[in-house]
Structures are given as C-alpha cells and as structure tokens.
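Okay, handing you the structure first.
The chains carry the letters A, B and C, assigned in the order they are written, with residues numbered from 1 in each.
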Amino acid sequence: MRIGLFATCLGDTLFPDAVKATAVLLARLGHEVVFPPEQTCCGQMHVNTGYQREPVPLVRNFAEQFGDPSLDAVVMPSGSCAGSVRHQHEIVAARYGDAALRARVAAVKAKTYELSELLVDVLGVTDVGAYFPHRVTYHPTCHSLRMLRVGDKPLRLLRAVEAIDLAELPEADTCCGFGGTFALKNAGTSAAMLRDKTDAVRSTGADVCTAGDSSCLMHIGGGLSRIEAGTRTLHLAQILASTRTAPHPLPQPEATR
Amino acid sequence: MSSPTGGGTFLGLPAVPSRPPYGTGNLRGDRAFPEAAREELGNDQLRRNLAKATRTIRGKRLAVTAELPDWEQLREAGAAIKTDTMNRLPELLEQLERKVTEHGGTVHWARDGVEANEIVTRLVQESGSDEVIKVKSMATQEIGLNEHLESRGITAHETDLAELIVQLAGDRPSHILVPAIHRNREEIRDIFRAGIPGVDPGLDAVPAHLAAAARAHLRKKFMTVPVAVSGANFGIAETGTLSVVESEGNGRMCLTLPRTLITVMGIEKVLPRYRDLEVFLQLLPRSSTGERMNPYTSMWTGVTPGDGPQEFHLVLLDNGRTAALADRIGREALNCIRCSACLNVCPVYERTGGHSYGSTYPGPIGAVLTPQLAGMDAAKNDPNSSLPYASSLCGACFDACPVKIDIPSLLVELRHQHTERSGTTAEKLVMRAAAAVMRRPALFTAAQRVTAAPGRLVAGRDEVVSRLPPPFDGWTDSRDLPAPPRQTFRSWLASEEGAATLREAAEEGRRDREGRAAGREDDDEEAR
Amino acid sequence: MTSTARETVLGRIRDALALAGPGEVTVERAYRTGRTLPGRERLELLTGRLVDYRAGVRTCTADRTAEAIAEALRERGARRVGVPAGLDPAWLAAFDGEVRQDSADVPAPSLDALDGVVTASAVTCAETGTIFLDGSPDQGRRALSLVPDLHVCVVDLSSVVAGVPEAVARLVPERPTTLISGPSATSDIELERVEGVHGPRTLEVIVRTDA
C-alpha cells in the first residue's frame, strides 16, 4: 500500500522520533511510505483557538499535498491532527473555501487515519512484531477517544507487543489538561488537571507512559519531568517500532536526560 | 437594522433578535473565567467536594444509562424532537398558549428578564401577598427574580434544600443539580443556626437532622403562603401540560397548596406532543441524578377545579433565546434540558466549580449557553468572551449529553465568532504570522531551523526548558519542555541515515515475513 | 404591553428562523415502545425497584385488600387516616382507626393532622418503579397524597406496565398527574441521601396480584 505520511508540525519539529518510528513501522510492514515534501501543518491550533480564515491556506496545502490519488491512505501519528483533518477542514472549507477546496477536503478526509486506525482497520494487523520489555501505561488522548472513536485499538496493538508489561491507567479517559492554547489561556486549571493525570501515571509504577499524540505526551511528559517522577513518555509508534533486533532503548526520564 | 422594540420584522427584513440589557440578571460574572478560576482552584474544600460529587453522580449515571439497551435511540429521539421544536417554535408556543388558556390559565410573554420580573411582581402584588414560595428554577435564577422581588418588598422563600442553603447564606448556586455542593455539613449547620428563625440552637451537622430542620421551617411556609413561583422542565404544546421534575416534594407542595401559581418558562422548553414525555422522562432523571426515575414529577394543565392552585399564570421568557436561535450552529445549545450531566463529566468544572463561570449556567453547557443568551462581546473585555475558552475540548460533555449537543464544536464556533468580532489583536497577528509561515514550506523549514538553535541554547545541557517568557510562562509554571531536537523529521528523512534506516526496515520486514511464511510451510509439512 | 411583548417575541423567533433557516431533522422513535411483560416479571421488576427506593411493598389478592391496608397502617402506627371520596369504603373495613373522607373544602393545612392517607393509583411503570396518580375519584386531589407523612398506595398488577412509554400512553393529559418513585429524598448535603423531606416520608405499596 502507498501511504502518505503527515509528520504534523509538532512531530516534524519537536518530536521527530515518533514520526521516524511511524515511518519505520510502516516500511517494516511492507508498505511504501510517501512523504509529500511541501507539507506543513493542519491548522488545528488555529481552528481550536477561534481562527478559521487564517488556516485556509493550510487546509488547502494539506489537501493538495495528500490529495494525490496514488496515495491509498494518509496517516499521522496524532489523534488530534487526524481529528482536525476529518472534522475541522470541512468546516473551514465550507465557510471560507471554494467548491474545489471543499471537494478536495472531502476526498482527502475519506482516506485519513490516525496510526492505530490505519494499522487495525485498514492494514488489518494488531501484532506488528514489536518487542518492548518494560512496564507501560497507556493514556487514551481525548481526540482519539471521543473525536475519532479509536476505542481499544491502541490497547489491542500494545497487548500484542512481546514482553510488554501493560499497566492500566486509573481514570484513563480523563483529559490531561493540554487542550492546545487552553494550557496557556487557562494555565492554572490545565495544571490542576495535569497534576491528577501525573498522579495517576505514577500510581501505575510504569516506566513509560504512552499515547497516540505527541502534543498530549509533551504535556504529560513536561509535568512528569517537573516533578521528577522518573516515568518517561514515548509515542505509541515508538513502542510498536521497537523489535528484538532493534529494541527501543528505555530513554532517560526527561528531568535527568 | 433593528426595530424600536428591539427585534421583530421591520420593513420586511429579518433582524437579529436583541439580547437582554447588559448588567441585568445573572448571565454575566464580573471577571473573566481564568481570573475567577484562579481563586476557586485555591479552595481545597471546594475541589474535594466537587471531585466527590461529580465522581459519585458520574458512576450512577453510567450505571443507569448502560442498563437501557435503547439509550442511544432515546438520545437520538431527544435530539430530534428538540430540533423539530426549534423549527416550529412560533406555532408550538401559540398552541401552548391556546391550550393553557382553554384550561383556565393565563399566559404572559416577556421579552427579557426585566419584563418577566415585572410581570411576576405585579401578579404577586395582585394576590395581596408579600411572600412567595419557590421551587428551584434556573429561569428565575437567570433573571434574578428573587432580588427583584425583594426590592419590591416581597420575600421569596426558596424551598429546595440546597437553594435554601444558598439563599440563607447569601450565596450563589454552584451546580445546576446540587447548588450547595460547595458547602459541607458543618457550614450548613452554621447557616441554618444563623438563618432559620426559632431553630434548635443545638442543631448538629447530621444531614438527616439538617433536612428535618428545613422540613419543619418550610412546612409552615407551604401551609400559609398563598403564591408559588416555579420554573418548568417541559411545557406540552399539544395539551397545555406543564411539568416539574424534582426529588424532595417541595415542588409538589408549591405546585399544589397555594392559591396562585406563577410558572416562568423559557420559550425553548416547549415540547410538541404529550407523547414526547416518554423520551424525556427517561433521558432526564438518568442523566441528571443517575436515578431510573426521580422521586416526584408533577404534571398539570391549566387549573383543575377542586385540586391545586385555582389561579395559574405562565410567563414565557425570551431573554436572549431568540438571539441564540438566530445562530444556525449555536442554537443547538437551546436543546439543553438542564440535566447537568456535562458538568459532572467536565474536568474543568470539576476543578474550578460553578462560580468561576459567573452565570446561572455553569460548566460546559454554560460556556456555550451563557454567551449566546447574554452575548459575549457586549462591552469591552466582556467576561463572557472568556467562557468559550474555558475548555480543553476533551469532548466528555458531548458523550454525556442526553440530547447530543455537540458542545466542543459549539465552543470552537463561539471562539471563531469572538475572534471575528475582536478586530486586530496581538493573538490574531501571531496566528496570522504562524499561518503565513506554515503556508510556505520553505519558510516553515527555515523557521524550524532558526528556532531550534535558541531553543537548544535555552534548554542548556539537560535539554529541558523550564522557564519561558510570557505568554508561555503559564506553561513552564508547572511543566518542562524538551529542547528542540538536533534534526527535524524531514531533514532526517532527506539524510542518508534516514533513507538507509527505512531501507533496512523494509528489508527486515521482508525477511521476517519470508521467515514466518517458511515457518508456516514447515508447520504445514509437519502437520501432514 | 403584554400583547406587544407577545408580538415581539413571536416576531423575533420568526426572524431568527428566517435568518438561520430550519435545522434538518426527522424524528425517529427507534427506542422501545409497546413492550409487554408477563405478570410475574412485571411484579418482580416493580418489587425490586420499590425496595431499591426503600418503599414498603406487599402483595395480596383483591379479596384481601382490606386486611393488607389495615396491616400496613397498623405497622406504621397510623390512627387517623384520610381517604379520597371515591375510594371503595370496603377497603378500610378492617382498619380500626379513624377514617376521614377528603373533600375539596377541607383546607390543606388540616391534612397535616392526618397520620396517613390511602389511595388507589392510575398506572405504574415497572422498569422505573414509578406510580402515577391522576386525580381520579379513588386517588383524590394532589394535596391529600402529599401532606400526610404516610402514603399507602394500592396498585393493581393489571395497571402495571413495562416501561415509561407504555405508562405515558395510558395517561389522560388534562388530569393533574403525579409520578411517585419512592419516598421523597434529598442528596443536597454532601451528596448523602436523606429520605423523607417534604412529601410523605413513608410510602407503602400494596400490589393486588389479581386485580
């Protein structure tokens, strides 16, 4: 399968390891990974902050970069960016775009997937041949859970990982408090939510907290680092890309890195 | 263009309906959400109470909604009936008016809270009473009826236990369902000792004893006050039937014993058919208190000779509802049946409490309903403009809503409306600049390069950024940020290392698959 | 003034709908309606719900109605009992206390002097444990079943239906209707449930299995 990879602006710039892992995983599964070179950002931050005119060029660029009919699917290691492409691009296009943009947006929306959806629903695989001998807890990010409805797909993928010690996260479906610019506009409330999330993560005794979104992991990881919890954060893709021959080394906790 | 009466068709052109006058009623706080929340976040008692309350109700709600195999179909029907209602609002209200009148009631219309307050005051004065008993009602809280009555020398007695606590304490409700959730039992004992005339000075803090003290106090009022004021959960257009859903029996008392009953109902509370109750009497209690059914529901149609109040007035209240209706997207918030399920699942509400929202309607639904009823850009720095941002957009409210109001989408829509009305702000310039950079891949990659170096410099040797300048200091107050990596993904991919890594991965995968296929053949051979 | 407000509000609604257009919708009632359950299951379901609400429940056959009522009243120590004018007098035949027949001219406060009240019921929903009173002559005016502290309510199994839609379908909309699901309760103080606030603090239900 020819799969278009959207790195997301955050992944490309700040968390390239998660995107590398996504590419490596798909290549290992025998698929052709295509990286449209002019890709940038999906515009989610703009829309969620109340700006819908400004991201029109971003929506258009995304549709142009990934509209290529030779791409069978488009994947991104982010539930919230996939949510933006699937739910917000058409809102922006309907309001400020032309008929051509609306058509393009609809076409690309139909083949856009978050990583766990692509693996389980499209590629039909839950055991990706991964090996990760560590204690891991999984945080289901809000947009993957309630916007995309990925359900237990990420957990099914994790359960199939060889040697993994999966610990259930208490109150897992509660938001970590990130919410994009919410974390800045309502920093105090966001921090209170984060504190409860990091407490829950610590209570599992996990070495690693994982999720399908680098942005939420940046938030949780930032909190864990500040309290020197000793728990690291890793994107789901990084665990799934870890194998016996090329095991992912357990990273240092952020604070001691 | 607007007509002199503030709405209505003028010269044949539809006008955007006007909102209630600024500064009236209880639909606007005196400061922005983040500021109000800061204070509440420091209140440990409040947070503990809220966490316990919301968690308990959440669990009960999940249990009783899960036991209905047709819960989703009920939600679908509830949402559809509400949308259908909004589409046909004029005819339904006229039908309701006709039916109530046919059954001996009198219908009044109020453009806003000020007018509704005046109508109620006049009706009470005409009854000759200087006291009223009240059933918990969001609509009368919204318009500040009690305060208005007091200014006219009329005492309003709240009869719901929590509302009584709030009233005696000179407080404001903090939750739609359990308005005194921010108070603990010792505080309530003190409030009762100070506020209930003739109460046992030795009253202790046992909830059953506190409830008994309220019962004794209010029973006298129920038996003697000749006028009651209520809200309404539903008003049936087809039959003129009004309904109040409650637990304590104070509603039944108010709706049954006085001579005169005055019901204030928002125009969006009308339902087309009597049959629609079969949907909402399932959705509301299960979503609200997490019970299969609330202890008491009263339904009455106009006046019944020999049974209950012999004078009935229905006040139909606009107060910004038509302005909300004029918003194609935002009007969905009018479908709310005030169950408060969204409050109980909201991580923001759980931590900040109801007072932070500054409005009668707190929580996720309040964050969309309040700005639409009262406006959010009605003055410079209108506190209501902060409400759509009081959410991480986690979406838990949408899942919990019995009439499927897509609150996260409404929040995003209201944010958009706010930025559109805000002119050029610093934030807008930043957003424009960010979009301008990100629309051009070359600029974007350049920006990646130029921010990486200083980012790594700020981070220092431990590769952790722990202090950022405003407006990002809110982040680093309680979180670190990793230093930007040495290489972006795209530069890695373009590098020899990137290409080689992907080649090796593909190769490794092929070997694995071949190995496994061979293994399967071996197994097959063995099986044979 | 009021007529002006009426015209203004209706005008605003029409303007709003003209500006934003109607929402797309078809009302589908795909939820469960018209359910039937065998009598034994209805009884079991109802009993479980009433017990859950901490109401008293007993069953009897129609010919033992008077004894069941007398027993319920005696257990609760009721001596002075009110009844609606249309209640079958035979129902109180086994009760040795004072029976007062209600009428519309009895002032509500004097109902406070009653120890309890006995009424029939219109319809009952098993799934939610909800009894519907509709002001029929054997149920009386609403004040009667509200002010006294004990309510003994007779429910005929034939009037017990499975779910809420089945119950609502049996109601007469114009009648003043009260839905009762257990005794009154509040959870307003630290969410601790306290039973019996303003309505009758005790609810005793007598289900007549062959009526």
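What we mean here is this: a residue touches a chain if its C-beta (ideal position, glycine included) is under 8 Å from a C-beta of that chain, and two chains touch if they have at least 3 such contacts.
Being a predicted model, the structure only gives us computed values, none of them experimental.
Every chain gets a centre from its CA atoms, and the centre nearest the mean of all protein CA atoms is that of B. Ranking all chains by how far their C-alpha centres lie from the centre of chain C, first place goes to A. Here the CA centre of chain B is 31 Å from the CA centre of chain C. Centre to centre, using the average C-alpha position, chain A and chain B are separated by 30 Å.
Chain centres here are Cα means. That of chain A falls 53 Å from that of chain C.
Across the interface of their complex, chain B is touched by residues 2, 4-33, 49, 53, 104, 108-109, 112, 125, 127-130, 135, 141-143, 146-147, 164-165, 167-169, 171, 173-192, 194, 196-200 of chain C. Of all the residues in chain B, the ones that touch chain C in their complex are 5-9, 14-18, 49, 52-53, 56-57, 69-70, 73-74, 76-77, 80-81, 83-84, 86-87, 89-90, 93-94, 103, 108-111, 115, 119, 159-162, 165, 178-181, 184-185, 188, 207-208, 210-211, 214-215, 218-219, 222-224, 236, 238-239, 241, 247-250, 252-253, 255-257, 267, 274-275, 277-279, 281-282, 289, 291-301, 304-308, 316, 318, 322-323, 325-328, 331.
Against chain A, the residues of chain B that register as touching in their complex are 33-34, 37-38, 41, 47, 347-348, 351-352, 388-396, 398-399, 409, 412, 414-419, 427-428, 431-432, 434-435, 438-439, 441, 444, 448, 451-452, 462-464, 466, 471-472, 474-475, 477-482, 484-485, 487-490, 492-493, 498, 501-502, 505-506, 508-510, 512-513. On the side of chain A, the complex with chain B involves touching residues 7, 9, 11-17, 19-20, 23-25, 27-30, 33, 35, 37-41, 43, 45-52, 54-55, 57-58, 61, 87-88, 129, 142-143, 145-147, 173-175, 177-195, 218-219, 221-223, 225-226, 243, 245-246, 254-257.
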